[in-house]
Amino acid sequence: MLEKLKEEVFQANLELPRQGLIKYTWGNVSAIDRESNLFVIKPSGVDYQVMRAQDMVVCDLDGNVVEGELNPSSDMPTHAVLYKNFLTIGGIVHTHSTWATIWAQAGLDVPAMGTTHADTFYGAVPCTRFLKQEEIDRGYEEETGKLIVATFEERGLKPLEVPGVLLHGHAPFTWGKDADSAVMNAVVLEEVAKMNLFTRQLNSFAEELPQAILDKHYLRKHGENAYYGQK
Amino acid sequence: MLEKLKEEVFQANLELPRQGLIKYTWGNVSAIDRESNLFVIKPSGVDYQVMRAQDMVVCDLDGNVVEGELNPSSDMPTHAVLYKNFLTIGGIVHTHSTWATIWAQAGLDVPAMGTTHADTFYGAVPCTRFLKQEEIDRGYEEETGKLIVATFEERGLKPLEVPGVLLHGHAPFTWGKDADSAVMNAVVLEEVAKMNLFTRQLNSFAEELPQAILDKHYLRKHGENAYYGQK
Amino acid sequence: MLEKLKEEVFQANLELPRQGLIKYTWGNVSAIDRESNLFVIKPSGVDYQVMRAQDMVVCDLDGNVVEGELNPSSDMPTHAVLYKNFLTIGGIVHTHSTWATIWAQAGLDVPAMGTTHADTFYGAVPCTRFLKQEEIDRGYEEETGKLIVATFEERGLKPLEVPGVLLHGHAPFTWGKDADSAVMNAVVLEEVAKMNLFTRQLNSFAEELPQAILDKHYLRKHGENAYYGQK
Amino acid sequence: MLEKLKEEVFQANLELPRQGLIKYTWGNVSAIDRESNLFVIKPSGVDYQVMRAQDMVVCDLDGNVVEGELNPSSDMPTHAVLYKNFLTIGGIVHTHSTWATIWAQAGLDVPAMGTTHADTFYGAVPCTRFLKQEEIDRGYEEETGKLIVATFEERGLKPLEVPGVLLHGHAPFTWGKDADSAVMNAVVLEEVAKMNLFTRQLNSFAEELPQAILDKHYLRKHGENAYYGQK
């Protein structure tokens, strides 16, 4: 069942430690098959040295396990909510990568301060509020997904234009058209989180990137007339 | 004698440089056999390239060498005191890992500022006071152990709920149910020490993690109804 | 066509990730043949794992592709302007390396604070102003090159004495007599950007390097009577 | 001539990039044979990939080349002055390692803030003043050595008790009983330079290590009754 997608998700999970985004098993990647509305996700707490593609778990959009002998990542219900509400996305990544997590702990949006940011994120990466006691009691992981969706709605953000978010006190989620691009967006978020923190320290009056340059860099890669890369 | 435990302790010591926690021989791991009340510890100052499992030294809870031709780690008496007083622990790690040592030198507890912390430590990791001249004269390494035990008693902390401590002006000790989990706790402490320092720098008003989220993350992994990982 | 130069440019591009200057394909190196006034540059957005020497693209000084089936780096017109105006240079590198980019985002020149800087850069590395809307509309990449040239003219700097620049809100460009030295200058700029940021944090009164030491270090390597290295 | 010492010096030089202390050829290690009063040092600016043990250059204490076809490191006269004046040392290392160089650029002594420091350095690592124009004119490298010697005399420091120094605006020199221990001392200095910078940032009121703990840690490794390591 979904063997090709399992292989993609498996490989994308292995990419997390290679990119320095996680230690041990602290992270998870999933990807969805929009035909069947089923998604594939890493099992919970399995050592990356012994994990195999066939250990990936298949789930539906209500957060039920459809196939797989292992428990899915405990964050699986968050993924389900995101796939259900963000219809343009195909892959999701969750890590506790150092610098993005620092911004999440600080409870601050990551502002667009340079073209490294603008090449991937069309504006600031938002930070949510803390989850509340009643949300935690109702279902922590599912409510985490709902809070992300609500944050994007309130701010009028399109998920593929700003493919990531920080959970206050927790860590980042990123997404993309597939598992691989979700991982790449996690790498970019981590890098700009580091650069922007030290930019602020070096010059507390540093300005955000002017809108004209933000537009140029985002649109030359992602706009209708994009001319970056090969055809 | 205790060959299996020697192998575990040997492997756990090799994990320290792999995880970037130590340079040269600046660290030590031990593990205890609660049946015989004997523990196995790394020899002092032996190059990791030539060290073998059979070089591990066996000691009793009064800090006597029971078996082994090499001197045990000079911190051995600290380990003995911890095993004697913290009856739930099975392994101990001492490193001078960069970021945890920075907090130790600053003389500050590492507060719980995010879920990365809460997944492992149920609250702040305490920092002791400096050792005094008379304690150093009486026996530096043994008194180090006693100071850790006294710190946990004064604060009403359970060793397995907060599996680590900082010695003011010195460095961290961590522990766990066995040598491997003590190493993993050292990795987590190092990571949260780094993240929390920069969280404070990024936002000096950053709040500690709300109790409800601290409870949720700690208990979903370590509580009675834990559901993280596989059964 | 220019096969030897293609190989040099190809190898210099591979050096960027090895030196930790780039992630993914975020960077580009070129080199010029001053006989034919043609330069060779990396193709745009091609994975470094599959890229080959023959994939390098040949361009002229007006920014036309002369040979090659792939699109050149989108920054190619910047390279063309630099080669056209800086007649002493033979290679150019563009990266978004972390610490140099932090200074670019902060909009600050990197001052000469130590001999590591003076061994390569004969004074501060300048940071340009932001590009303006009308420049972006006229041709972003070409205008980037013109802004660099104008900045060097205004400040009376010689390109080989100060072989690098920061674009405000963007990232560094470095250059040199050939592709390899342009890469080495990118490595030095990244390192001094890191060191100078923390020097300022450690001691906000830290002085710039005295002129006498700046002269000594720059000239013992690059002056008429240089005596560093082998003959 | 001095083949064994050449091999030791060669291997110690290779250790510098392995320990992350240098990039390219920015560093040098030497060691002395006190019988003949000749020392062996790395040649200047030779790529570490092609350098061989027999390329090491033999010099005397007046800074003359006694054997070798390549130019010695341009810092050779500094080494000569140190060997001539610090009669207890057997090896010298010079690097521009990041964090030690940051303190050198800041013009500040590295204070003893923890036991990592105290295990190797018996007190603060001093930072010299800047060299003056007339000293540079007289002979930059030789005067660098004289300034180090004068700094140790003024402060009443013993070279083997405080086996390192920072040159203001430049970088560290470390030394030891042989080439290997000089490299190890360079590693320790780099690590404590990093830790102490961030300790100050985390807690600007952080105290230096109490004298009793400094004594204990230094002397248990280096004192008459040292008990660290194996006999």
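The letters A, B, C and D name the chains in turn, as written, and every chain counts its residues from 1.
Simple rule for what comes next: contacts are C-beta pairs under 8 Å (C-beta built on N, C-alpha and C of every residue); 3 or more make two chains touch, one makes a residue touch a chain.
All values reported here derive from a predicted model rather than from experimental measurement.
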Report summary line: In contact with subunit A and subunit C alike are the chains none
Report summary line: Copy-to-copy rotation (subunit B on subunit D, CA atoms, range 0 to 180, rounded to a multiple of 5 degrees) logged as 90
Query raised in the report: Using mean CA coordinates as chain centres, what's the subunit C-subunit D distance in Å?
Result: 33
Report task. Report, in whole Å, the distance between the mean C-alpha point of subunit B and the mean C-alpha point of subunit C. Result -> 46
Query raised in the report: Out of subunit A, which residues touch more than one other chain, so two or more?
Result: 201
Report summary line: Which chains touch? The pairs are A-B, A-C, B-D, C-D
Query raised in the report: Across the complex, what residues on subunit C touch subunit D?
Result: 19, 113-116, 119, 184, 187, 191, 194-196, 198-199, 201-203, 206-207, 209-210, 212-213, 216, 220, 227-231
Report summary line: Listed in rising order, subunit B residues that touch subunit D in their complex are 23-24, 26, 43-46, 70-71, 74, 96, 98-99, 101-108, 130-133, 136, 140, 169-171, 197, 200-201
